[in-house]
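I am attaching a structure below and will ask some questions about it afterwards.
Order of writing sets the labels: A, B and C. Residues in every chain begin at 1.
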Amino acid sequence: MDPGSHSVAFPRRWWYPVARSTELGRKPLAVTLMDTPLAVFRDAAGVPAVVLDRCGHRNYPLSLGRVTGDGLLQCGYHGWSYDGAGQCLRVPGLRQVRTQSTWHVPAHRCVEQDGFVWAWGEPDAEPTRSPYSLPVVDGRGAGETVFRCDLDSTLRASLENALDVPHTAFLHGGLFRGKTRNTITAVRRPIEGGVEVQYLGEPAGMGPLRLPETSSRTFDHWDRFLLPSIAQIEYAVEGWFRVVNTLVQLPLSPFRTRAWFVVRFSSPLPAPVVQTVVQLQGRRILRQDANALARQTERTRSLGGERYASTELDLLGTAIWRLLNHAERAERTNGSDLPPASVSERRVVFEA
Amino acid sequence: MDPGSHSVAFPRRWWYPVARSTELGRKPLAVTLMDTPLAVFRDAAGVPAVVLDRCGHRNYPLSLGRVTGDGLLQCGYHGWSYDGAGQCLRVPGLRQVRTQSTWHVPAHRCVEQDGFVWAWGEPDAEPTRSPYSLPVVDGRGAGETVFRCDLDSTLRASLENALDVPHTAFLHGGLFRGKTRNTITAVRRPIEGGVEVQYLGEPAGMGPLRLPETSSRTFDHWDRFLLPSIAQIEYAVEGWFRVVNTLVQLPLSPFRTRAWFVVRFSSPLPAPVVQTVVQLQGRRILRQDANALARQTERTRSLGGERYASTELDLLGTAIWRLLNHAERAERTNGSDLPPASVSERRVVFEA
Amino acid sequence: MDPGSHSVAFPRRWWYPVARSTELGRKPLAVTLMDTPLAVFRDAAGVPAVVLDRCGHRNYPLSLGRVTGDGLLQCGYHGWSYDGAGQCLRVPGLRQVRTQSTWHVPAHRCVEQDGFVWAWGEPDAEPTRSPYSLPVVDGRGAGETVFRCDLDSTLRASLENALDVPHTAFLHGGLFRGKTRNTITAVRRPIEGGVEVQYLGEPAGMGPLRLPETSSRTFDHWDRFLLPSIAQIEYAVEGWFRVVNTLVQLPLSPFRTRAWFVVRFSSPLPAPVVQTVVQLQGRRILRQDANALARQTERTRSLGGERYASTELDLLGTAIWRLLNHAERAERTNGSDLPPASVSERRVVFEA
């Protein structure tokens, strides 16, 4: 039995979220980016920095150290101290302080934006683009709520799960679906840095905010994937509400993915009410998804790889993988960054 | 130091027990056969079926799903539904239902017999024989009792342990042996699908049912191995009692073996009394054996393999391995199924 | 990123401590020497013996057995019994007792000295030297105290940590150092079977026994490494006190090291007072070191190897590795046992 392989890709010339701004205070943080341990800290001016979490001396994790008064990251073992560029500037005990290239630790350029610290995936390299900007949702009753979850899953499986409509009827059965059958049209089209699916004719009783099943109103609904690790679900009913759920993801390792759910919304309800509902409903759905992803990962790992069969309903799942895979390959071959032709416009009708 | 290798064999063209009939109700069961995950379920007519425990779509374990009203095994992630032959008959949301070969999951033929669901070791293949039939023990005070245990052990080590007489004096010291020394003759001979050892002159004070040590009565005692995974111990005293303990085993993985102990007996005592004694004594002995097997396995694994030395007392252990190994090789080379000549008749005298 | 490699060496033609004499009573002990499982026991005369912890028969751990009245190590599974040379002298049940070479288990020569059982690293071989003799500390208030710790660390990292002065200011900050800056000269020189560093001008306020910081007295202080696994720290003030802390170490596996700290001392204080202080302070420091070593090991393992940068302050760390590595290579190539020229006399001045 051919086990297949795992759809794991890691395009490096992109931005990845390594921490929420609010998580990062005076103490350095430890995180991994595809198994590479990183230490995240703020220098004396509060500017975040990301270096390989390994002292150049005896390889002690720098994240276990502290930030000195002058904003250096000081190792907790022998006190070697580094600036945000990974340069070792102090070696306690040494009378003549020099700087040697072998004392350098690799550093990742980083940017603080939209409440996240973003690190460039390639160490000691200059970024060639900006991080994705989260959409602004304003107007009446606008608000934001964020939750975080670590998933036992590849980045690809987590992205596909987040953007997959058909599973909601089964995995989240009681939560989402009504009993009436509907026909929905989905249109997939490439967008800047990713791909989007727009759903047409979706009755406004499917999502977390329900209407009576007899209502004939429809949602505006888009699902989007943005390279390298962002999934976005947008629901709106013109003049009534708009909710954009952006999953900002960090591939901790090939089979473990950290996801922040940034839910921005406007609605007739007071923001704190919506926040509470989203947190409760969101965490409930998330528990089901996290469990399913863990089981799926367990299975594909125990069998040595994935063997997926796809239908026309898997509109985004296949596109996500093509884009991720293409982005990784493009870096290796210095090929074009542009999405592959295989992620072309496509229209599918399905029952829901 | 040459570590040796592990005596792990997996002949596939044989029947393996995958569940007790009574374990398998409306919910599908998960089990592994030499690390291959299987989902066991009953169709609408109650007939058991065994399929690879991996949905063809996104590889979610089918055993986490449910059996539909019309007897299909429905995946819990997106609802793909399979019949007992592994054919996918429904894909929710898809308007045009087709059947594609890539949607098929491998299925194992199965049979329900003697209170067990037996699966053929090779998927998508026709069985070439019937499962072993457990012997009937009837007459006065006849009864049956069953217990189950998962052992950290290769199938071979578990089989050898079950059928090994010499270890009882040491591992189960206080339980089995009297203090008088006896000379016992053991005769090994090939039988249909396996090998048997008959013990001659064994005083009827050795086994779980003791006589006063001064008694001169002897047991009839046979130990049998039946390919691929059955061990059987039969004790009888003509006109007094007969007990047949059949270990029906499932190799969950190379180093983990599930054993059901099916003890059938007739005796002057009421059956419930014997059942109670057998359960208590049996579980006590089993705990000692399970622990010894786990330690043995730990040791051979930590050293990278087995390095066994055998004496003439290891009459069955060596024969078990030759038969298992021969059966596996015969399949690979399409050779003869018959037991190898090396398992010939042999007579050994030992002290006990 | 080149991960580097781990500095793991295992010279076999040396003595390793496998147990404290007081640990080894009537019951056999289990221990590993670089992942090789060993059973340690005392024969009828109380003489310790060390054999591979695997019965020659079915590979059950011999350490789970017992020592017979006549001083043989008897397997707990089938009762095979071995003498201290690993020879199998008894097989229960077998009428004709022979001795076959395949029944032999490898044995390590051993010696009991200085309160330890020492085993020769190479099985079935004659030692070519004696174990290291621990120094005698006598005179007024002389005493000894011992503690043991298992470290998640290579032998090399544990040795380096024990003998490394610069880390004490950081890892043990509050415990060791005063606030005044001093200039210390360290002289490294080869010694019989190892290397030593002597510190000159070290103010007597650095160590576990403090003087007022204004005191101008200086310590005599030597740090020593003795092949293959001994670290020794000696502090003395002429006419006042002397303390020799000898770390006797057993590499359980490449990344796990057992260390016994044998602290011998003489001082004006009553020995029980010093014992109490040393135990309390020692264990406190040890917890910090054990934790740091575990983190360092975790990091180098997660990154696939060490990438150390060294300065002139790492006087002993680099020498330890050269000596260990050299000793291992010398065995493979039958080369000279003598320390390499690279561990030559060297003088370094540093701030403390």
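FYI, contacts are C-beta pairs under 8 Å (C-beta built on N, C-alpha and C of every residue); 3 or more make two chains touch, one makes a residue touch a chain.
Source: prediction; values computed, not measured.
Residues touching across the subunit A-subunit B interface largely differ between the two copies, under half of the numbers being common to both. Between the two copies, subunit B and subunit C, the Cα superposition rotates by 120°, quoted to the nearest 5.
Each chain gets a centre from the mean of its Cα atoms; for subunit A and subunit B, those two points are 48 Å apart.
None of the residues of subunit A touches two or more other chains.
Put simply, subunit B touches subunit C in their complex at residues 1, 157, 160, 164, 166-167, 169-171, 183, 292, 295-296, 298-300, 302-303, 306-313, 349-352. Listed in rising order, the residues of subunit B touching subunit A in the complex are 35-37, 53-54, 56-61, 64, 75-79, 91-95, 100, 102-103, 106, 123.
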